[in-house]
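Here the structure comes first, spelled out in structure tokens, and everything after it is commentary.
Chain IDs A, B, C, D and E follow the sequence of writing; residue 1 opens each chain.
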């Protein structure tokens, strides 16, 4: 039962990674790419970590996994903000149809 | 389960290879940094999958250090990269 | 089982292909910023390679240094390069003309020949060789630690590590001798950066302590811990950390030489007591190694952060 | 327990002392000169102690950590190591005394820690019996050398230091790749064990090629000498002296050591190639030296040609005897002394006149008789005229070449001698003539003049000490044994 | 051919690619990158060949050598970068200009 759920989470995570990469390649400007990437990636990693945590042999391992996710989330969010702010300040215009 | 971990790791690696295109293409400094960010997250995921496949706690430590250092590199890049003129692209 | 091996084989081949193409792109791309980003990606994938080669100790070091600090160092250098001298188009175009076809093709032929020659040499090595594995295994009980890599680094070949600490210090001495004084950068006004640092720096320090502690039994140790500590230092420098001038004089110097100093003193004391350079008494080896590693961690961290600054640090408020 | 003096671990002391001194001088910048001179003197005394010990008990052997090869690292000192340690201590002492007055306080604070750590690295290098450990010591020597070369600042020095850094890092990497191949061929990095275990296989050939190329680059063997003239000529005088006299010799020592112990039996053709490169270096370096208009560049190119002589030993020793190897040791010693004296002289002349243009030396002989005298004495040794250390070395080498009927080598050595005489007399000639421009001369401190003279006199005196020095070289019989075994 | 050997071959290829870049590329920053890639190649070969042991664990001695090697590489890189910056300040160019005859 646990195996089934964790498999589900892992596959869903992989799907989000794929979506993130597609977004990085296909979206028209920096800001949309930023959006695609950070959202999809962090959710993807989150799902994967949930899947792996279900399999974890001890609580400390699960804790470490969650810590890793928290760090990636924090860094991803801050860096995305810093990149976007820098780009705006430097006059990189958002894409308009 | 082993098989799933390994195939997902393989899938993510392929994903990463495709993402390399954005680093090459750019066009701007920010796009390249963004792609590097993707590399870091994907590598963390691959490491965790391999760690689970090998039941190795040490590999989770590697993933932890990865996650931390990716943030430091990203900050270093963001802090430094914006101060550069766009035309510094000459070898 | 066969399918698993096949998947792993595929993983290996894709990884090898990626690492190789990244190395080639780092060398061939015209844009230096792009080359550095690609180099960081190269370091990242190298860490994966170490994992595949069952070398988690190296993977840790590579994750901290190859994928982290080296990239930050290069980035800082590129930034300062462009502030020193904005564009160098004239020289660049002149250089490009020089690179005629023959001067590019000849090295390329040489490259292929070297790869073929060395490849042939590698393939003629025996299929199975134990190296020093049996010797290490046999003496592990006397080493005072349980992680074989730490045993080699700090005990069996501890003398090498002593000298490596000196190399690290020498690099810093040379940088200080060259770089002159460098003021610490002003405090960042960006709130996000500040809060990021407030979270990341304590975590980095904790992880560093953790790596130092587990190094005796599991992958980790002074070099990895020191590199992570160095990363914390780099982050503090980037966010505009304020240090008073009095701490930058001899307290800083003291921390910088602590690693090699404790090593040398330990070597001399053991020479007097045990009659051999770095010959630990078996019962005491454990804590002696931990002491050496703790000192080395501090020094490595401080040295790496100081190397990132690129000159003798100077407080910004002073004068 | 035996005698305290012969039981002491002089070899270990030789490594730990300068490293410790280097750390102390970094921690207390205000006392660098005192710490520096005390350390260098203590090192010189320890070399005497080690020499005494070796003469009494034969080779020195120390298993670091008590493990012993192949697991641990071994320290090893025989006659050849002792010889190199003596050269280092002697030149180091002379240059250190010179440096006391040469550098101002700020430069001294940067010079002494680097130099003491370099000294520690050199001593560790000469005492090591482990090829990976040798790699680490090479890195110490290389990085310290770069730091020292860039000490004087300024565009030329930085340019020279950058070339040097690139060359030394590339050389180290080639060497390391060779070490990796040897380790995986034989499962050890200990030199004696490698000598037992290595067979003639492709990886060993590849390792031989890589190690030779890496070390030849660091030793600046023609045509891999391109980095040396700029790096050595643009550094400050004491640093040039250390780099030319000691640092270049360190990588040559490893070359020699590995050749004698590991590679000697499997080197068909390589020895002749090295000999040919050596001959080319002698001619090319001397011709370049003759053309230079600046004194320091001339001396640096002279180093390129003198390094060539060292490599002539390889074709001769293939069928040679002890005298070929002792000749090369002699050449190392006399060149180290003479070349360091020459660079110190150049430093004096630059201090005096503010430039080192050979044509404008302007009767330096009348104003700085001691300095010019030192140059002349060092020149005698470089030219190989009797009675000098250079003469003994070249005479032994020439004798060997004549015995073996290697007329090509004899011819090149003769030409090299004539060319060396030409460039040295050119300098001396200008030192006697009046130059058109007159400049404001600055007094040279006596310490700087006398320390240069001391080294130059030493280069002559070693010509009279052939028999005790041969006795030292024979300790451990590495050299003799290998020569006889051919 | 087994996977350690593939990685060992990758190692020597990286060494050669780095060497090629070191010789062909002019910009000093690129030369420094090239030296780093060469170093990684050597480390890779050293460790990959250590996996040939018959036991279950790979040879730890090359691992220890490589860990110290990585730290030395980063310190040498830092020195090279500082030297490059100083050189650019002094001469205005991040390229070493050679007289052709000096090149050899």
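One rule holds in what follows: contacts are C-beta pairs under 8 Å (C-beta built on N, C-alpha and C of every residue); 3 or more make two chains touch, one makes a residue touch a chain.
To keep track of the chains, here are their UniProt names: B = pH regulation protein F; D = Oxidoreductase.
The structure presented is a predicted model; accordingly, all values stated were derived computationally and were not measured.
Hopping across touching chains, the smallest step count from chain A to chain D (Oxidoreductase) is 2.
Chain centres were defined as the mean of their Cα atoms; on that basis the chain farthest from chain D (Oxidoreductase) turns out to be A. Among the inter-chain contacts, the highest number of C-beta pairs connects C-E. Look at where the CA atoms of chain B (pH regulation protein F) average out and do the same for chain D (Oxidoreductase): the two points lie 47 Å apart.
Between chain D (Oxidoreductase) and chain E, the centres computed from C-alpha atoms are 27 Å apart.
Separating the centre of chain C from that of chain D (Oxidoreductase), both taken as means of CA atoms, is a distance of 31 Å. In chain D (Oxidoreductase), the positions touching at least two other chains are 132, 136, 139, 143, 146-147, 150, 158, 183-184. Of all residues in chain B (pH regulation protein F), those that touch two or more other chains are 33, 35, 40, 57, 64, 68, 70-71, 75, 81, 91. For chain E, the set of residues that touch two or more other chains comprises 12, 15, 25-27, 30, 45, 49-50, 52, 61-62, 65, 68, 72, 75-76, 79, 83-84, 86. Residues 2-3, 6-7, 9-10, 13-14, 16-17, 20, 23-24, 26, 29, 32-33, 35-36, 39-40, 43, 46-47, 50, 56-59, 61-62, 64-66, 68-73, 75-77, 79-81, 83-85, 87-91 of chain B (pH regulation protein F) are the ones touching chain C in the complex.
On the chain C side of its complex with chain A, the touching residues are 190, 192-193, 195-196, 199-200, 203.
Taken in their complex, chain E has these residues touching chain D (Oxidoreductase): 12, 15, 22, 28, 31, 35, 38-39, 42, 45-46, 49-50, 52, 61-62, 65, 68-69, 72, 75-76, 79-80, 83-84, 86-87, 90-91, 96, 98, 102-104. Note for the complex: chain C touches chain B (pH regulation protein F) at residues 3-4, 7-8, 10-11, 14-15, 18, 21-22, 25, 29-34, 37-38, 40-41, 44-45, 47-48, 51, 56, 59-60, 63-64, 67-69, 71-72, 75-76, 78-79, 81-83, 86-89, 92, 188, 193, 196, 200, 203-204, 207, 210-211, 214, 218-220, 224, 228, 231, 234-235, 238-239.
Residues 71, 74-75, 78, 81-82 of chain A touch chain C in their complex.
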